[in-house]
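Next come two complexes built around subunit A: one with subunit B, the other with subunit C.
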Partner chain A sequence: MDMGRKILLVVVAIMVVLPHLSEAQSKREIKALMESFNNYEVTTERVAVDGTKFVKVWGYGKKVDAAIVQAKKNAVHACLFRGLPGMETAMPTPAIFKSESSFDEHKDYFIKFFTTGGDYIKYINVTTDGVPSGQDRRQVRGGYKVALYVQVMYDNLKDRMEEDGLVRKLSTGF
Partner chain B sequence: MKKLLTIIFLLTCAVASGQQKVDDVVDDDYVRSSISTIVVNRGDGFDARIFNAVRSMSLGEKFDINNIPTDRILIRTSRSRAVDADQITSLLDREEVGKEIVSFWYRRNGQGEMSDELILKRGMYSLRDQEILNSKVTKVGISALGEKGYDLVDGSYVLVLDYYDVYENHKDEIYRINVDAFIYKLNYTEELVEQVYDAWIYEDDTPQVRAQKNALFESITFPLEYVTTVEAQGTSNSSIADAAISAYDNAFYRSEKAVDQWRVTSSIISTRPIKAKIGTKEGLKNGQRLQVYKIVEERDGDLDSRKVGYVRAADVVNNSHVATGQMGASSFYQISGGNVEEGMILKQKNDLKLGVTVAGAIGGYAPFELGLEYLEHINAKGTSRYLMLNLGVDAYSSESFYDAVAYVNLGLGAGIAFRPIRPIEIMPLVQLGMEVLSVSSVPIQNNDSMDWATWFAKAGARISWQVIYPVQIFAQANAAVKFADGIWYKYYNDILLQEGRGHKPAVTGFSFGVKVNF
Partner chain C sequence: MKRAVIIFLALIVTFGALSGQAKRPTIMVVPSDAWCERNHYVQEFESYGEVTMVPDYEKALRRSSEIRLLISYLADFMAKEEFPIQSLESVLKNIKSEESDVVSITSSESGAMIIESPIDELRRVAKPDIILDIDYQVKRKGPRKQVSFNLTAYDAYTSKIISGNTGVGSSVNAPVETLLEEAVLSFKDNFLSGLQNHFDDMFENGREVVVTMRRFDMADHTFDEEFDYQGDAVELADLIDLWFSENTVNGRYSLNERTQDVLKFEQVRIPLYGKNIAGRDVAIDTRGFVRPLVKMLKDEPYYIPVTVYQKGLGEVWLIIGEE
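Then we have the complex of A and B:
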């Protein structure tokens, strides 16, 4: 086999395998995303300005930056699917979706929605001063666990879900 | 030699990576404390001088001052011995100092009317950027943040200073005094807070209601908890008042180490250079040492603080104003430890900024040298200025005199140290000093002591390696010249020079030694 043929063979092999590798990678990311949504803490910090929620939310990642990104996603996820716990001066906030299984029902939509840098970012303001620090930045086995102070634009998020047809508008129910 | 180098290397590695566990979990939640100072009078002639000396002292910006009516208490015992904490405690209880502190916080006037003006003002002043940023997205907003001041009341401390064991020698101008600083904390519980509000007088309260509320307030006991006692000594060559001030300084230095709540904590916001949002408001000073911690969550969910290293404050920001959300930050230089990252915690850990050196020399004027070095300034790149005091001794038996001969020199100097990399310090230095020659069979008379002395100037360069914090080993090259030899110094030194042991007018030498910082 001459050298030209060998190179051609290698290139073809790479072209065949690469899309599958990328797919496998993507599957891993989705699995990681789903797993991270199963295990996070969120607390309501104070009564926020109208239409928003002010929460302290935790995220986990191999590096601090990754943990921060995950915490932001978790804040939005909590408003959509888990609801927010109450506190002394604030009532609990119900989730926008009635069931966490709604995620699976609209899986493709939410996988895209929660892609890093995706649309979820439009519905939060991070108020943490600089980077998470002190006891809000914990080194854990295999990475970091960080807490962020986040204002979630709850009403806007709900409107978006309604506009996208994932949640029925209140007015349509009558 | 190989073994020694291996041990040194292993120790260095251990320190670089070693992150010890600490018992309490450190956090960056430092809250300002306030202090009332009380002096113990003994009913003797020192009372006024000591009291006035203490009143002239300022604790700086780090603490709020609660000026209460009781600024001294009388215990009529001899000043030759200290009083004990039980005596102090019973007097503070009798004088109801706790009530005075609460009355000060609430600006309680003669009619029993109270105001939260001071609490809100101090609350606003104590805010951090994080609280400002959080408040901007909440309904209560920034204006309500002053209410944090209510938490500050619980951080009220009393510092009782008892001076004793006075030594005054006017002839030799030596003044010395000891002080015990008894530290108490107001225990301002939720229950007490509610009782104070029950006793709050409103404008439309009838005289009868006012009287009832005043009686209620007077019936409340505000307990003071004993925290600790620190002992210190002060000396002066001018007056006992100055010695009292010196003792106060020393006692306060130790108090800051003893009371954990007084040690400033903050988080690192950037690492090149290391920065944190603390400054003049927290009493931060150039060269001040802080310890770096990281938080580790164990598998069982428990938190541990692990020591990462030490830094020193370099450029201190003036932050003596109410937080805006965009406060400035001070910069720090890391002097030891492993990787420092954003988000790690800084905690004040004062030291004296002193180093002691011990060195042996080849050449030069003294084969054995002992030194004391004070870190006068450090910048964010680690460039440091040192002030130095050096003692050198060259003693032996002279063949000419069949007698003991000793050259003793004392030099004062300064050096500027650069750090190309953190563990390495390169320092040019200069010194000016005096050397005295003594021959054991020839007594030095007071009136001709300068005849036995000479002056010298020394210049040198030192390279130090921090083996394990706080220990450095160093090598130093020196050149020194003598000038203005005294008559007898010259006479005997010339004889000793013929033996080959006298001190030449100009010399060069090398010294090798160890420096320990504390």
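Then we have the complex of A and C:
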């Protein structure tokens, strides 16, 4: 087999296998994302300034950095689909969507929205600098569990969902 | 020619958009009776020989900067949701200008004066669809202050509660204004969610009203009088019942009282849109909803005279026997 044919075969093999590899990887990522949304804790810390929510949220990841990223995603996910629990001095905040099944109804939209570094990050302000430590950073089997104190731009997030036509505005129909 | 077609299409689209919109509910914030009484913003009111204490809204707004501040906070976030709140202050001024007219009106039969409580006056002049009843109390523990609040939104049509929010703010050494702002921010989203659920229900199932039918004692007809309906003898009450089943949203209503003199339809879900007298699609209210029923009763074969009396926003009385 001459050199030219070998190169051609390798190129063809890569072209056939590569799309399946990236597809498999993205499927894994989506599965991991969905699983992480099934299991996280979030609490309201205090009443924040107008249009925002101040929460403590936990994230899990193999490395601390990955856990921090996941915690931020969880904070936005909670505002969108779960709602935030109340506390002594703050009433509970309802979720922007009425049901968690709305995620599946607009799955493509939210998979893209929650891609690492995706649009979700626009609605998060981390209020503490540096890597979580002490009680807020726990080593668990297979990785780390970290807690972040974040400010979620709740009103802006709600406006975005309304603008994208996923949620009815209060004034819709009038 | 092409231009004419474009203009014609634009007109159709504009008309469609206008006629397809429900009447935007008006909202008004009113300090609660309990708050007015605690803060001595009350006046004595005599109704049919009985003296009761009623809120003095004018005095409350003039003297309490806190209640003005709360109303302003609520107005601010409702304006962001494109629901401007009716100003209680300007409505009170309108009432003053109308008061002289009301005093000059007397009943044609007995010569009695019209008696209205302050909340009736508010409803008459402002006609709010939703009333936000607000109450708060500042508790002091040494230098620390804490605000407990209660905001109840109720449908002025049915007096049913749409959204209730109660809670206690932080106990800190901060100005009362800051604590009040914290309270509003705390219940804002929960309150808006309750309002959204109410509107969703309204769009899906219609507006809830009450229709009461009575008869004057000299009326020639009773509700158990029989009329011919497709060859059968059917009581008038059954014919009216049939009209409700065909004209309410999803046939939702309940006939709670039925005698030969009274028919009381409650939980009547009326559509948000109907036809006006010109046959055009418009947003309708309780009176607009019963207009076709009144027409049916007045026309052949019934020829029953009917008086329509609007009792509050969400209730209408149809009295047969006289016009």
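Simple rule for what comes next: the second predicted complex is superposed on the first by the 171 of 174 C-alpha atoms of A that agree within 3 Å, B and C clash if a C-alpha of one lies under 4 Å from a C-alpha of the other, contacts with A are read in each partner's own complex, and residues count from 1 in each chain.
By our rule, contacts are C-beta pairs under 8 Å (C-beta built on N, C-alpha and C of every residue); 3 or more make two chains touch, one makes a residue touch a chain.
Bear in mind that the values here come from a model prediction, so they are computed numbers and not experimental data.
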Taking subunit A as the common reference, can subunit B and subunit C both be placed on it without clashing, or not? Answer clash or fit.
fit
Touch test for A:Gly134: subunit B only (first), subunit C only (second), both, or neither?
first
With both complexes overlaid on chain A, does A:Gly117 touch subunit B (first), subunit C (second), both or neither?
neither
Quick one: classify A:Val47 as touching subunit B (first), subunit C (second), both or neither.
both
Which partner chains sit in contact with A:Tyr154 here, subunit B, subunit C, both or neither? Use first/second/both/neither.
second
First, second, both or neither for A:Gly142, with subunit B first and subunit C second:
neither
Determine, under the contact definition given at the top, whether A:Lys169 touches first (subunit B), second (subunit C), both, or neither.
second
When the shared chain A is used to line up the two structures, what angle, as a multiple of 10 degrees, is there at the CA centre of subunit A toward subunit B and subunit C?
110
So in the superposed three-chain picture, is A:Pro94 touching just subunit B, just subunit C, both, or none of them (first/second/both/neither)?
second
Greater subunit A contact set [subunit C / subunit B]:
B
If you take every C-alpha pair with one atom in subunit B and one in subunit C, what is the shortest distance in Å after superposing?
6
Both subunit B and subunit C contact which residues of subunit A?
46-50
Quick one: in the complex, what on subunit A touches subunit B?
45-50, 52, 54, 64, 125, 127-141, 145-146, 149, 151
Which subunit A residues qualify as touching subunit C in the complex?
46-50, 86, 88-94, 154-155, 168-171, 173-174
Looking at the complex, which residues from subunit B come into contact with subunit A?
25-29, 128-130, 133-134, 136-140, 265, 267-270, 277, 294-297, 299, 303, 325, 341-345
With touch defined as at the start, can you tell me which subunit C residues reach subunit A in the complex?
21-25, 77, 80-83, 165, 167-170, 182, 185-187, 189-190, 192-193, 195-196, 199-200, 203
